[in-house]
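Notes to accompany the following structure.
Chain lettering (A, B, C and D) follows the sequence in which the chains are written, and residue indices restart at 1 in each chain.
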Amino acid sequence: MLDKNGIAKRIAKEVKNGMYVNLGIGIPTLVANYIPKNINVVLQSENGILNMGPFPFEGEEDADLINAGKQTVTLLPGAAIFDSALSFGMIRAQKVDLTILGGMEVSENGDIANWKIPGKLVKGMGGAMDLVASAKNIIVAMQHVNKAGESKLLPACTLPLTGKKCVKRIVTELAVVDILPQGGFKLIERAPGVSVDQIKRATTGKLIIEGEIPEMVID
Amino acid sequence: MNKTVKNASEAIHDIKDGVTLAAGGFGLCGIPENCISALVEKGVKNLTCISNNAGVDDFGLGLLLKKKQIKKMIASYVGENAEFERLTLSGEMEVNLIPQGTLATRLMAAGYGMPAIFTPAGVGTEVAQGKEVRKFTFNGVEKEYLLEYALEPDFSIVKAWKGDSTGNLIFRLTARNFSPVVAMAGKITIAEVEYLVEPGELNPNEIHVPGIYVHRIFQGTNYEKRIEQLTVRKKT
Amino acid sequence: MLDKNGIAKRIAKEVKNGMYVNLGIGIPTLVANYIPKNINVVLQSENGILNMGPFPFEGEEDADLINAGKQTVTLLPGAAIFDSALSFGMIRAQKVDLTILGGMEVSENGDIANWKIPGKLVKGMGGAMDLVASAKNIIVAMQHVNKAGESKLLPACTLPLTGKKCVKRIVTELAVVDILPQGGFKLIERAPGVSVDQIKRATTGKLIIEGEIPEMVID
Amino acid sequence: MNKTVKNASEAIHDIKDGVTLAAGGFGLCGIPENCISALVEKGVKNLTCISNNAGVDDFGLGLLLKKKQIKKMIASYVGENAEFERLTLSGEMEVNLIPQGTLATRLMAAGYGMPAIFTPAGVGTEVAQGKEVRKFTFNGVEKEYLLEYALEPDFSIVKAWKGDSTGNLIFRLTARNFSPVVAMAGKITIAEVEYLVEPGELNPNEIHVPGIYVHRIFQGTNYEKRIEQLTVRKKT
């Protein structure tokens, strides 16, 4: 079973040379730490950065330079700053190759819910609806089950949707799962030490298992 | 074309109860601190505020929330604010949450004279309720888009890094964020700047908002520029 | 009767302190020479300039700095450069207070034709259709009659339209004429030495004459 | 992310017969001189060209016209070109004239992921023929708008003043014109620059086109930068 950093490490393997990538808040942010040094990847932050760098050194933070999670960050050489309209323009125009974000629920046809729990205070969707409606390639980083032990990979989402038929792949503490175009969670990899049965039990939606399911190779 | 006014209170003198007011900024980054303070002091009420966020309890638009000056908030994310939560749950304030890109693009539409735009954000979600859906083929794929209308605030308030007396504005780093589109959307746009300079001092190639969109400009004072999430690395 | 510079001088009186003004090619360009020195006016050129200045001094021309007529120009202090999309954005958003352009025909309900003569080669409408469809205030600078002696102020345009119901005022070598909201050319001023009868004869569209028509005061 | 290629001929190697090609520039100002020369040399045919203008007889896109490489021209004003006149009148070339602002905005729409936009330009004229008309209230006035679709060229070619190897572009003065929206619209965008610099040399605040929109970039050579209408004052 993977911890958060393990999930981030596995997702980092999805990031290929030459990609422009948008990382959501939470586990997705950790992915940046595990992108191989030998490939060139540009991070986009939807508040208006391309070539976003790591957190600043202590004392070098700049109130005018934050990421979409409002954290102080830095710029890498080749950085560009732009306004929010252009930022979402390039997202809608599908210039961003890969979006990695968290999820509360994903359905077997690729719907995602991650912004609102009825009865709880709504904080807002931020840029998530724009990202999921636009991205060519969306990977969701999340726990396979919620705190109550219920599967988050469902036949249909029960929470209000963020977007429809958009998720391509899910990476959890237990598995890598793809959403098939015709619907269904196709099991791609098991986390180290996790059995197919464990994954089956944790998945309420239709799980498709074909042949031997390899164990993830991370590191 | 000298648009300079003395200070924030002169700049906002005609912002009256009940107007629609858009504010630049993302979180607490690049917010028009001086204008917000002057609005708190003036005590205008029943504002409809358009801003990506709603500040924090004791800073940014949170100051207007605390004094119950906001009737309705149009935003994309309002997480960092306990007073906001209280006002919403008690029904004292109306909230309209819209996707961040939709918010930015609807403001841009106003500045670009486009009465409406199409966006895929929110299709198939509760955001789409009551909205016109239309299919288009774009980038080789047919999909559904929502028709969304331009947001045309009565007043816009923004903070820029540098500005000249004709209203040309330059922003610094991610303090740019929503501010250019907010500035371009306002029927009356007020800019406060860290450095107010003479016409000719800004490079014409580097202007982010041409002065034609700005009606009043003033030299801001006492910028706090608060950091919401300080994240740092240790030097090794 | 006015010459081209006379028409430009008369139109210059329409330009008020604080206005953003777009000047078309031809007579409208000449208007810039007659704007009173004691008022502040900003000229917009739709290829992407605010605060456009006069032609450069000999030898100081810059191939990268032209106006919408492709003529070399200069910038004044406070100038801003922007792309064509933003330029027409500010035009559509009605941030430009006054547009002055030439015309081939204007109808008594404010339609204008100035881009195409059937049978002749079409060069294109350039920015004219955007300008006339968007501007709050449009003044047309043109000759009252064409080279064949026919009126250019007509009940309806005979040439393909550039825009509908948009012209507010026409200044010709003979007169200043307003388009009334309900339709009709209202005679406002006579050019020096021109009689009301002369203007009547040169106007095919409905000419409305109320009371004494003053002679223009220019200079 | 190094997008540098050696020269124009390498940059345009996959521009094939029949593609749709957008070019930056206004008149002869800011045109991609090197790319145009390489396309003439390569001899690709049946191009659909999107550009505000069509050059002059012996420069700019006029060079492609002269060699009959253009099947269709989408432009707003093509006045300065006798060869263009001949090709149009003889039916050898198709021409689609559209309002300048519509052209700019349709290209922008592609770069902003907007499948269509609304504009008042051309309402009630022959430009509106066959197009959807819709009423909106904007800036307090109800009027009619045309629905116009995004222009999505297969390739875009632009010339910038400065660029870095990641594709960030900065334009100089009115050589900016259509070039940013052309650059943002292309499925493949090629930029030639007067000064190619290393990442980090351009100020991130001053970028006109972020590198994400640019696929190939090269150091241009031998810029002629011809002036179409030399207008000067005498020094007094």
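Assume a contact is a pair of C-beta atoms (placed from the backbone, for glycine too) under 8 Å apart; a residue touches a chain by one contact, two chains touch by 3 or more.
Bear in mind that the values here come from a model prediction, so they are computed numbers and not experimental data.
Asks: Using C-alpha centroids, which chain lies at the maximum separation from chain A?
Replies: C
Asks: If you tally the C-beta contacts for A-D and for A-B, which one comes out higher?
Replies: If we tally the C-beta pairs in contact for A-D and A-B, the bigger total goes to A-B.
Asks: Starting from the mean Cα coordinates of chain B and chain D, work out the distance between those two points in Å.
Replies: Whole-Å distance between the two chain centres: 32.
Asks: Express in whole angstrom the distance between the two chain centres, defined as the mean CA positions of chain A and chain D.
Replies: Their C-alpha centroids are separated by 36 Å.
Asks: Taking each chain's centre as the mean of its CA atoms, how far is chain C from chain D in angstrom?
Replies: Each chain's C-alpha centroid was found; their separation is 28 Å.
Asks: Out of chain D, which residues touch more than one other chain, so two or more?
Replies: Where chain D meets two or more other chains at a single residue, that happens at 105, 112-114, 119-120, 139, 172-173, 176, 204-205.
Asks: If I count partner chains per residue in chain A, which residues reach a count of at least 2?
Replies: Residues 75, 81-82, 85, 88-89, 91-94, 134.
Asks: Is the way these chains touch best called a line, a ring, a star, complete, or other?
Replies: other
Asks: Of all possible chain pairs, which ones touch?
Replies: So the chains that touch one another pair up as A-B, A-D, B-C, B-D, C-D.
Asks: In their shared complex, at which residues does chain B touch chain A?
Replies: Answer in residue numbers: 26-30, 52, 75-80, 85, 88-89, 95, 97, 99-105, 107-108, 119-127, 139, 161, 171-181, 208, 225-235.
Asks: Please give the residue numbers of chain D that touch chain A in the complex, ascending.
Replies: Residues of chain D touching chain A: 1-2, 110-114, 164-166, 168, 184, 198-200, 204-205, 207, 210-213.
Asks: How about chain B: which of its residues touch chain D in the complex?
Replies: It is residues 105, 112-120, 136-139, 145, 149-150, 152, 170-173, 176, 187, 204-206 of chain B that touch chain D.
Asks: Can you check the complex and tell me which residues of chain A touch chain B?
Replies: Checking each residue of chain A against chain B gives 45-49, 54-67, 69-73, 75, 81-85, 87-89, 91-94, 111, 121-130, 133-134, 160-165.
Asks: Where on chain A does chain D make contact in their complex?
Replies: 18, 20, 40, 42, 44, 50-51, 75-82, 85-86, 88-96, 134
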